[in-house]
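Each in C-alpha cells, the structures are laid out below.
Two complexes follow with subunit A in common, the first pairing it with subunit B and the second with subunit C.
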Partner chain A sequence: MSEHAASPPAPERFRRASAGALPVAFMGGGILCLAIALAWGLAAERQQFAHSWLCGFMYCFTICAGSLFWVLLHHAVDANWSVVVRRLFETVASLFPYLALLFVPLLFCLPDLYRWLTLDPHADHALAHKSPYLNKGFLLVRLGFYFLYFTFAATLFRTKSVMQDQTGDPRLSLSMRRWSNGLILLFAISITFAGFDLLMALDHTWYSTMWGVYIFAGSALSSMALAILLTFLLRGSGYFKGVLTVEHNHIMGKLLFAFTVFWAYIGFSQYMLIYYSNIPEETLFFLRRNTGSWLYLSLFLVVGHFILPFLLILTQPAKRDGRRLLFAACWLLFMHAVDMFWIVAPSLQAYRDLAAGGHGDTTGFAIHPLDVLCLLGFVGILAALFLRNLEKFDLFPSRDPRLMESITLKN
Partner chain B sequence: MSPAPQHRLYGFAAEFASAADLYHAAEKVRDKGFRRWDVHSPYPIHGMDDAMGLGRSRVSLFSLLGAATGLSLAFLMICLAGDDHGIVRAIMGNFNYPIIVAGKTPFDIEPSVPIFFELTILLTAFGTVFGLLALGRIPQLHHPMFNWDRFDRVTDDGFFIAIRADDALFDEAETRQFLESIGGTGVSRVEED
Partner chain C sequence: MADGTAIPTHPEAHLVARQPLVLNRRPMAWITDHVARIVEDKSKMWWWIATLIAGSIAALVPIQLVYLVSTGVGVWGLNHPVGWAWDITNFVFWIGIGHAGTLISAILFLTRQRWRTSINRSAEAMTIFAVICAGIFPAFHVGRLWMVWFLAPAPNANVIWPNFKSPLLWDVFAVSTYFTVSLIFWYIGLIPDFATIRDRAKDPIRKFIYGLLAVGWRGSNRQWSHYEKAYLVLAGISTPLVLSVHSVVSFDFATSVIPGWHTTIFPPYFVAGAIFGGFAMVLTLLIPCRWLFGLQDLVTTKHIDNMCKIVLLTGTIVGYAYMMELFIAWYSGNPYEWHAFLRNRIADPYIIGPAAGVPPAPYWWAYWSMMFCNVIVPQFFWFKPCRQNAWLALILVMGPNIGMWFERFVIIVTSLHRDFMPGAWGHFVPTINDILLFSGTIGLFVFLFLLFVRFFPMITMFEVKAVLPEADPHHHPAPRPDAGHNAGAIQADVRSILGARDAKAKGGRA
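Entry: the complex of A and B
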C-alpha cells in the first residue's frame, strides 16, 4: 500500500548497440539460411522445401498471433498487470507484414503442399463435398484476409499505444478497449480458419473441429514463453530496472503453466475422441503419426510439451525463481517447433505415398536439412526485425494510466 | 444466584481509524514479534498477508493430498471394474469384471485418462475447500471478540487488532501500552466466555 505513492519511472528506450553483434548476426544468418533453402529447395527439392518453409513459417506465425492475442486480451479485460510487458507483445505482433512477405514463396508451391489443389473434385468424393470451401480462389481470398486482419490489428494497437507515450491521453486506452472487443472475435475466427487452411488442409480428407483451438493453445503458450525469455534477456542487459519484479515472473509463470495444461487438455481431447469413435478418416491423422518411428516423436511431444514443463513449473517457487522459469520458457519454445514439425513433416510422407499410388503411409521420423534451415532462417530474420522495431519506441507504455498498478503488482 | 464464574482473558483489542492505519499498525505488531494475534476489518485489505507476516498458506498441502487420493481412487476403480491381467489380477484377485465396450480392450490408457483427470480434480477441489475450512477453523459459531460491544462495527466501519493473552510476549500492562502507542483507540480487555 505504501508503494502506491511512488512516482512513475522514466521512459526507457532499447538500444540495439546493447545487444552487441546479435542483430547483425541474426539478420545475416537468417538471410543466408533462407537463401540457401530457396535456391536448393526450388531447384531440387521443391516439395520438401514447401513443407519445411511452411513449418518454419507456422512456427513464427503462431507466436506472432499469440502475441496479438495477449495484447487483445489485455485491452478486452482491462488488465493492469500486463502494462509493462505489453510493448513487447505489440512489437512481436507487428512482425505480421514481414510474415506476409515471407509467405510469398509458398504461393508458388501451393500444389506441392495441398494435394487437393491437384485433384479433380469430380473424381474425389471428399473433395467434391468440400469444394465450395476448398477451392483455389476462395483459399487465396481467405489467406489475404488473415494477413490483412493480423497486420491491421497489430498495427492499430501499436500505433495507439505509442501515441499514448507522446500525449498521455487516457482516452486512447478506452479507444483500444473498444477496438479489442470486436477484434478479439475476429482473432478467434482468423486463427481457427488459418489453422484449418494452412495445416489441417495438408490432408483434405481429415478434419477435427478442435484443430483451431489446438493451434490457438500452442500460439498463446509459445508467445508467453517468448515474452518470458525477452523479459529475462532485457533485464539481463540492464533494462526494466525497478519496473519488472519477481511478481511479474510469477504471474507470467502462472499463465505459462495454465497454457501448458490447456494445450495438453485440448490435444488430448482431440486425440481421445478420435481414438474412441474409431472412424477411419478421422484416425488417419494419428495413425500416420503413430506408425514406425513417428511414435517416438509423438510420445516425446506428450512428455516434452506437457509432462516435463508441468512438473517443472508446478510449484510456486519454480515460477518465482528466474532460472527455472527461463529454462521452462526456452524448452517450451523448442517444443513448439517440435509440435509444428510433428504436424507438417508426416504429411509430406503421406503426400508422396499417395502420389505414388499408395494409401498415404508414412515411412518414419526423419529431419531434412531444409527443415532446420527454414526454421533458423525464419527465427533469425524475424528476431533481427524485432530488435529493430523495439528500438523505435519506449520499452514499456510509459504514460499508460495503469502503469503504476502494473509495476506494484502483487500476486 | 451463584456468583459469575471467573472469565478467562482472551486478549487485548484496539480500534483503528482506517484501513491504512490498520495496515501500518499490523506491520508494527508483526515487527514487535507477536505470533498469536489477528486483525479484523469489514473487507479484505490488499497486502495484509505481508503486513501481518503470515507467510505461505498451507492449503496447497491439502490440495496435493486430495489430488493423490483422487488419482489412486480412479486407478483402483478402473482396476476393480475392468482389468483382467498382470499386476492388477495379482492385487485384486477375483474382483474383476472384464466387459468389452465398443471393441476396446478392458484396460487402455486413453479412456482411463478422463477418469484419472476428473477424480483428481474433484478430490483436489474437496481437499482445497475443506482444507481451507479446517485451517480457518470454520464454522466457528462464536468468537470471544463478540464479547466486546465495540466490535459490532467490524461489519460496518470498524478496524480492529486483537493480541491474544496466550502469546509469549503478552503482558497486560505492556501490551495495552503498545496498542495505544501504535495508534489504537479504545484499547480494551476482551474475555472468553
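Entry: the complex of A and C
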C-alpha cells in the first residue's frame, strides 16, 4: 500500500559463491550423465536413447515454456504481485537457446522416435493423408520456428526487463505489455504444435484436440512449482529479505493449486471422452498405458499428480506454511517428470512392437537407466546454466514501477 | 493492490498509474445514497415502458408453452434426423450466459480482483435469470411436463431409475446445483444491502419487506465475521461450478460418436465460450444501465475496459478451439469427421466450396456467422478506443451475443442433419413456435432484470465502499485538489451526509 512505498529495497545480486559447490556439481554431474547417455545410447541403445533424451528434453522444455507463459501473463494483464519473482521466470525462460543446442542429438535420431518417418506414405493410409503436415522438411521448419519463437520471446522480455533495472523507465513496462499481447498468441500456437509434433506424433495415428491444452497445463503447473522451489532456496540463502513475504507464498500456492486442478480437469476430460466414446483409433493411447503394470503408473499419476497435492495445499494455512508448500512444489516437479515419462516411455514399447509386426502392444512398466541419466543430465546442466545467468543481473526487477505494489502484496 | 501507487521518482511514472475504481473521489455516503435511491425513488417513465415491452414479450413464454403442451412437441421444427435443434441450442445458450456471473462472483473474488465489486451483483442476478430461461427448454422438451420428475434420481412408477451413465442426467445434477448455489450466493451477498435499504426506509411496508429480506442483519462484528466466512466458502464451492456446469453440458455432445460432436477439447472450449457469451451479456446489460441510472462513477470505463479484455481473451480461446477442431478433423484422417466440417459447415458457395471442389454446405452461413461474430469481432478489443468507448463496446459485444447462439446451433444442427447414412439426411427449419418461444425467453430475461434493478440494490454498496482508498486503515486523507472543479458533487455529498438518518446502519464496514 502507498503508505509503505517510501523506500524501495536496494537491488540484490545472486552470488554463485553462496551456492557453494552446487553449480560445479550440477554442471559436472549433468555433463557426465549426458555424456554417458550419448556414448552408451548411440553405441548400443539408439532407440532407447532417443526416447530417454526426448523425455528429459520435454521435461525441461515444458518448464521453460511455462516460465515464459508466466512472464507473458504478467505483462499482458499488468499484474503487480509477480514483479518480485518475475526475474526468476525470465531467467528460466532464457534457457531456450541451450535447450535448442541440447535438441541437436535428437535430430540424428528422429526416425528412432517417430515411426512415421520410416514409413512409406503410399503404404500407410493414415500417413498418406497426413503427409502434407507430417513430412520431414516441414517438421524441421516447425521445430526451427518453435525454438526461434521461444528464444526470441524469452530474450526480448529479459533484455527489456534488465534495461529497466538501469533506467526505471515505465515506458519499458508499456512496451513489454504491448509485446506480450502478440507473443502470447504465438505462445499458444507454438506450445500446442510443439506438443503435437514432439509428443503426439510419437504415434502418428493417434490424435486429440485437447493435447495442446494438456501440455500447456503441465507446463504452467511445473514452472510455478519450480518458481516456488527457487524462492524457498534463495530465501534460505539469505536473499529476498523484506521483499518476498508469506503473501507471495500464498498467491503462488493458490496458482499452484489452481493449475493442479486445471491439469486434472484437462487430463480427466481427455480420458473420459475417449473412454466413453470408445473409438478404437483414440483409445489406443490409453490402452497402451493401461496394459500390464503401466496401469499402476497411470493410477499413480492420478493420485500423485492430482489427489495428493490437491489435499496437501487445499487449505489457506497450507499455502502460507512454507514447508508444506515447498513439499508440494517439489512433489509436483517430480510428478511432472512422471507425466512426461508416462507419455514417452510406452511409445517406445509400442514402436518396437509395431516394427516387429505387432499391433503396437505394450508390455509393462519399465525404467531404463538411460531415462534416469538423461533426466538428471538435462536438469543438472540447465540448473548450472540457470545459476550462471541468475548472477548476471539483479535478482528482482529493482526499478519496476510496480515493485512496491508487489512487495506490499496482501491476499 | 493499491490504486494509483507507483514509485514517484520517475517523471513518467504516471504512465503506469492505476485508475481508481470509484471516480471523482465519491465518499461512502454518496455511494449508499446513489445506489439506494434507485430502489427508493419512483419508477422512471423509461422503466415502465421498457418493463411493459419486455413483459409483453415474456408473455410469449406461457402462451407458447401452453400451446406446446396441449398440442405436442411437434409444434417445434424437430424432425428426423434433427431431433435436437433450437430447444437445446437455447438451453446451452442461456446456461452459458450465466457463467460470467459465477466467474465474477467466485473466481474474481478468490483472486482478489477488486474491480469485481461494482459489477458482481448484477452479473449474479443475470446468472439466475439466465438459468431460469435455460431450464424451460429441457423441461418442456420432455413433451409431457407432468413426467419431468422422471429426470430426478428417484424410481418412477415402474421402479425404473434414470440412466446414471447418461450425461443428460449429469446435466440435471449440474444445472440444479448451479442454480441453487448461485441463488444462495447471490442472496447472502444481498443481505447487508437489504439492511441498508430497510434502515433508510420511511414507508413501514417497505421497511417490513426489506426487513424480512435482511433476515435480522444488524451489522455487528460477529455477523460480519460469519458473513465473510460464508461468502468465502460459497466462493470456493462456486469456483468448480464455473468449470463443471458447462463441461457437463459439453459432455452431452462430446461423449457421443457423432462427427463434429466427439472431440476432446469440448469441455474447456465450452467453458471459455460460456464466459465469453456471459461477459458479452453483462456488458450488454450494464452499459445502458450505468447510463440510465447515472452510475458512471461506479461502473467506470476501467470496468468496461476490463470486461472487454475478458471478452477478447475468451473469444480468442474459442477461436483457438475452432482451429484445433478443424486441424484435428483434417489430421485425424477420419473421413466422417472431415465431412462434418468441410461439407456440413465450412464449404461456402463462393470461396472454400469451389476451391475444395465440394458443394456448399447447407448451413455454411451459420458457420461463418459464428466465425465472424465470435472470432473476428472481438479482435477489435485489442484497440483501446474500442474498449474505452462504452457505446462502441456495446455494439461490438453484439458479435458474441449473436455468435454464441450460432455456435450452439452450428454444433447441434449441422452435425445432426446429415447422418452417417445419406438416405437419412434431412434439413431443419424452425417453426414460428421455435422463434416465438426463444423470443419469449429473451423478453423474460430482460423483464426479470428490469425488476431486479428496480427492487434490489443493483450495486454491492458495502463492497464498493471497501475498495475506496479511505477504507484502507492506513489511509491518510489528502486535500481534494479538484474541490473547485467538483463543487457540485461535494455539495451533493454534504446534502446526502446531512440528510442521512443513521450513518451507522448504512451497511458500510469502514
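Everything that follows uses one rule, which is that the second predicted complex is superposed on the first by the 406 of 411 C-alpha atoms of A that agree within 3 Å, B and C clash if a C-alpha of one lies under 4 Å from a C-alpha of the other, contacts with A are read in each partner's own complex, and residues count from 1 in each chain.
Just so it is clear, a contact is a pair of C-beta atoms (placed from the backbone, for glycine too) under 8 Å apart; a residue touches a chain by one contact, two chains touch by 3 or more.
Because the structure is a prediction, the values reported are computed rather than measured.
Upon superposition of the two complexes on subunit A, a steric clash is found between subunit B and subunit C.
When the two structures are aligned on the shared chain, A:171 is found in touch with subunit C, with no touch to subunit B. In the superposition on chain A, the chain among subunit B and subunit C reaching more residues of subunit A is C.
Look at A:410: by the touch rule set out above, it reaches both subunit B and subunit C. In the overlay built on the shared chain, the residue A:188 is in contact with subunit C alone; subunit B does not reach it. Only one of the subunit C stretches 187-195, 313-321, 403-411 or 421-429 carries C-alpha atoms that clash with subunit B in the superposed arrangement, namely 187-195.
According to the touch criterion, the shared surface of subunit A, contacted by subunit B in one complex and subunit C in the other, consists of residues 1-2, 272, 276, 410. Subunit A meets subunit C in the complex at residues 1-3, 5, 8, 78, 80, 125-126, 129-130, 133, 168-171, 173-174, 181, 185, 188, 192, 207-213, 254, 261, 265-266, 269-270, 272-274, 276-277, 279, 281, 399, 401-405, 408-411. Across the interface of their complex, subunit B is touched by residues 1-2, 268, 271-272, 275-276, 278, 316, 410 of subunit A. Remark: subunit B residues 20, 23-24, 46-47, 50, 56, 60, 102-104, 110-111, 113-114 touch subunit A in the complex. Listing the residues of subunit C that touch subunit A in their complex gives 1-2, 4-10, 12-13, 15-16, 110-112, 240, 243, 247, 251, 254-257, 262-268, 316, 320-321, 324-325, 328, 331-334, 382, 472, 474-476.
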